[in-house]
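In this document, chain identifiers A, B, C and D correspond to the written order of the chains, with residue numbering beginning at 1 in each.
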Amino acid sequence: MRTNSRAKTRESKMPRAECSDRKIKNLSGVIAAAFTPMHEDGSLDLARIPQIVEHLVNDRVAGLYVNGTTGEGPSLTGGERRAAAEAYVRAAGRRLPVIVQVGHNSLFEARELAAHAQAIGADAVSATPPMYFRPAGVGELVTCMADVASAAPDLLFFYYHIPRMTRVELDMVEFLQRAAERIPNFAGIKFSCSNLHEFQACVEFAADRWAVFFGYDEMLLSALVVGARAAVGSTYNFAAPLYHRLIEAFERGNLPEARRLQGLSVAMVRVLLHYRGMAGLKAAMKLVGRDCGPTRRPLIALTDAELEAMRRELQSIGFFDFVRA
Amino acid sequence: MRTNSRAKTRESKMPRAECSDRKIKNLSGVIAAAFTPMHEDGSLDLARIPQIVEHLVNDRVAGLYVNGTTGEGPSLTGGERRAAAEAYVRAAGRRLPVIVQVGHNSLFEARELAAHAQAIGADAVSATPPMYFRPAGVGELVTCMADVASAAPDLLFFYYHIPRMTRVELDMVEFLQRAAERIPNFAGIKFSCSNLHEFQACVEFAADRWAVFFGYDEMLLSALVVGARAAVGSTYNFAAPLYHRLIEAFERGNLPEARRLQGLSVAMVRVLLHYRGMAGLKAAMKLVGRDCGPTRRPLIALTDAELEAMRRELQSIGFFDFVRA
Amino acid sequence: MRTNSRAKTRESKMPRAECSDRKIKNLSGVIAAAFTPMHEDGSLDLARIPQIVEHLVNDRVAGLYVNGTTGEGPSLTGGERRAAAEAYVRAAGRRLPVIVQVGHNSLFEARELAAHAQAIGADAVSATPPMYFRPAGVGELVTCMADVASAAPDLLFFYYHIPRMTRVELDMVEFLQRAAERIPNFAGIKFSCSNLHEFQACVEFAADRWAVFFGYDEMLLSALVVGARAAVGSTYNFAAPLYHRLIEAFERGNLPEARRLQGLSVAMVRVLLHYRGMAGLKAAMKLVGRDCGPTRRPLIALTDAELEAMRRELQSIGFFDFVRA
Amino acid sequence: MRTNSRAKTRESKMPRAECSDRKIKNLSGVIAAAFTPMHEDGSLDLARIPQIVEHLVNDRVAGLYVNGTTGEGPSLTGGERRAAAEAYVRAAGRRLPVIVQVGHNSLFEARELAAHAQAIGADAVSATPPMYFRPAGVGELVTCMADVASAAPDLLFFYYHIPRMTRVELDMVEFLQRAAERIPNFAGIKFSCSNLHEFQACVEFAADRWAVFFGYDEMLLSALVVGARAAVGSTYNFAAPLYHRLIEAFERGNLPEARRLQGLSVAMVRVLLHYRGMAGLKAAMKLVGRDCGPTRRPLIALTDAELEAMRRELQSIGFFDFVRA
């Protein structure tokens, strides 16, 4: 567990925390937006987490993003979010950095979740903005996020930009500029939006100082070419090998191959979206032998018949081949 | 505190609980969507609640709706929501029915809040739908709300329909029909939407069996004329006398006077909205001597200069006269 | 035909035009948002217009609003809009005032349509704002509408506020204040929005100087009670008798009866909306013996089977009784 | 001028029209979304078009897209759209293919504009969907576009997908599949949306049979890497040399250089958007010596002071260097 405060670590030359921080900011590759395993009745099934993490370690994912959209974080109670975060931190065992998503309509609750993430030894926190009442502008968004970040001062903080869910549609370049000044542990943005021009402007402003994780698996190649180094997403839970090959092809300059692999990702995501997105994504874990159980309400989990239909559609695009290394 | 289960109360002829339930469903007049008093730093200032409730009792409001939009419920932690609910239930002391709003992005958390409301002796619960993930249709919405309602089986349950905040824009007539069948303690809807045709259709379907509380203070007269009996709103905290006179004029058939009074309400609300809506509303409490402190982030409380400017604007429309009986 | 310029008419004491203008501003009752009759292939079938107008005259509607949403104005060519306007003006034969809707994404085209409306002897023009590019604020909206209005300087001008179609969601009170100053022939607003508080504020500001026509048939009673004098809508084409009785009941102070009649309107509109709104509305004309043909693409006209199903649903709510006097 | 009907051309082995068609479908590089030059009062200033086209020919743009968003097509009258199309076709003199945008809220008007485009010898037509009333689904959209396309049967037809303006947000893969079956002269899509996964799926489905022009200049590189061959956009009017270098760098596999150049485009577009987007874009033409006059209402043209401020901002990012070859 990390016990030094940021203030203290700054006094030493190269403290463990800063070293770790640098590593997180400089993460490259794919970070799994982890699922929260559930029993059929929707209650948590945390016992499945160690095995899920082993798979992800074997799949060489670069990190874990817990309690985000994929993890149905907003659908969990405060207690469940804490329990899921603890289970993932424990299972990761420092082999993988763990970022805990603590966003909540209540900034006070988000602060409590952030403090908890620090107490249990997570590596970073991340937060969506409040969305029942929404910040009126970039300045207010920065103030809100500074609130949250200050509750976990020893951890890095990443803003979670996902306007299609939150309706908080503010300019991320301006946010980055102002957050960097006002949030001491600010580390960057999880950018889950298709505006790649805004993403590129963020990446260029961030340079080596902040991370801008890209959050649209099915557009990864388009983000790589304008500077993405790391990405957070749900399909990295079961299709990491595909994306590793994509990234390698891209880095070798083999763009036709990278494009072909991205095309497989696009085809896969189109099938999953057809099966209600989140519900289809979580069900895909069952198909690859990493069962995480159903989604929780208000999402509607797939029926057995739907699961079988989805399996056939995925098979027809070669899914069961390309999700393996 | 109510300790009998609904199952038990049904055995007796006219148990206290059912008697109370009937009273709540048949409420008439204005129900205050209560503010949550806060200190300057945004922490709760519950000590102010008894005095606020005395004022509301004196103002003859018909009930209290706690932890709703006006109460900044979504901005509070679970613990704070419980504390505010307890303080209001205690201060009301059964002189006024108390409806506790328990909506949350997590239905499990909403259930916990509902169970708590029952445990502390609230009269009813009400809930917004989850809004990070949203119910896909009316059927799923009913299922979600049945979940919440079943956690407080001895209390009445009101769905809180406020699509401009939640983006859950489903047909309320269909909801009412299906909720009535599937939720044993279903009691009606808090209808905070300007579609008065949908409201009227709900009122007619509901008849005497369910309540449809109207939630747009500045359109109250238009709702009365199509059948509203009770309304829930924020300006009833400080301008109940105005609305009593409006309702009385309406009931006496003095429509010109009712219209004139509604016009004052409209003028007042336009000023308050100009001062950022929620922030202006809460600040208005200060101007009438019922200080509830500032709003909490992400809302931005009025500065002293803004408060003074708002005071002058309100004065110019006669606000300080018409908010008194 | 009116040939005097507005400048001239102002010199005389009580010119015919001003007299007529006053009449239009002070219209009371229901104005039919006229359908544009079409053949099965979508081409205009103007020969049906005289008979439609006779029905409307017999139904004592207060005026005609041509080429609006109900008239599928935006789906017509410039030539067709002119032809439909001419046919309605001719058929009305000064027995009913005719307001021609000339809104267009091109303000220049709107100006041409407005000039044409003046040339053919219409009584007033009305316009939606441009909506491909949208005015940035109230000031720019006023400027745009001043452009259109100035092309028909002898006619009254009504702004057509229908934000659910145009996405131009600006404050109508502010618009009214500024339009009144800058548009010499400004006459008011066709207000097709459910915000009755904004409507009431407009009505009060307008007083006797401008008209604020209400545009939501299924909420008419709620608008009457806050000051509506005239309304424009599609169901007035076939159900005017119902609304006459509603208005009479309201004016006699018989609110229960007014509410009951509004309830019939709500039930009727719910059926029509279920049959794709515009398509159902136009098909209803067939059911009452005033066949206007199908809607034009992109709207999808009812099939015969759908028409029959709608007929049965309407019958079950007593439609065929209450649409007659 | 092309006078053979499509039916006829199909009889011959390799008619001129098909040859030309193939060329347009296989266009590569950047197509200028041409401005419509205007006088200070907003009237057309077509005399400027020949010089503008000479510049574009010199800049080696691959084609002209006339009367689109950049050309303020929706703000022009039918007569003006015809005149602008004629002027561009004449000035192009077959050195550049000319695609005429004919979308209109009225499909009948769109058909007339399409027929005119064919009569004057344009190479292709393109259309936005109707947007006052919107097609209810992909099937209806295809039907609507088939209507328009059939009015210019000798020309290729491109659907113009720009959901942020039209709110027609239907799946383009499904559209492509169905349009290809039902529209004989269907040629592809102008894809002005940031969903690159959908774009890639379209490109892969289209293969060599249809074109999918990308319409977001500031994201061009991200589109190239997933298969874009040609792009249509406004900044290609004055910054084509920048994009040529970008495409060349991309094709040589020099991705760092391509990314650097895209970064300049992003910076430039951010400045232009800050100056009200369309207004800033058109004003930029003045700054590079290709004055097209102001934008027309409802857009608000830059004031002289704003233009000077924009000039300085553009200068600070090196704009005046990189817009030259």
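Note that contacts are C-beta pairs under 8 Å (C-beta built on N, C-alpha and C of every residue); 3 or more make two chains touch, one makes a residue touch a chain.
Nothing here was measured: the structure is a model prediction, and the numbers come from that model.
Trainee: Would you identify the chain whose Cα-based centre sits farthest away from the centre of chain D?
Mentor: It is B whose centre lies farthest from that of chain D.
Trainee: So how far apart, in whole Å, are chain A and chain B when each is placed at the average of its C-alpha atoms?
Mentor: 37
Trainee: Measure off the straight-line distance from the CA centroid of chain A to the CA centroid of chain C, and report it in whole Å.
Mentor: From the centre of chain A to the centre of chain C is 52 Å.
Trainee: Classify the inter-chain contact topology: is it line, ring, star, complete, or other?
Mentor: Contact map by chain: ring.
Trainee: Give every residue of chain A touching chain B within the complex, in rising order.
Mentor: 42, 69, 72, 74-78, 80, 105-109, 112, 129-136, 140-141, 143-144, 147, 165-167, 276, 278, 296-300
Trainee: Which residues of chain C touch chain B once you look at their complex with the stated criterion?
Mentor: Against chain B, the touching part of chain C is residues 173, 194-197, 200-201, 204, 216, 218-219, 221-227, 253, 255, 258-259, 262-263, 265-267, 269-270.
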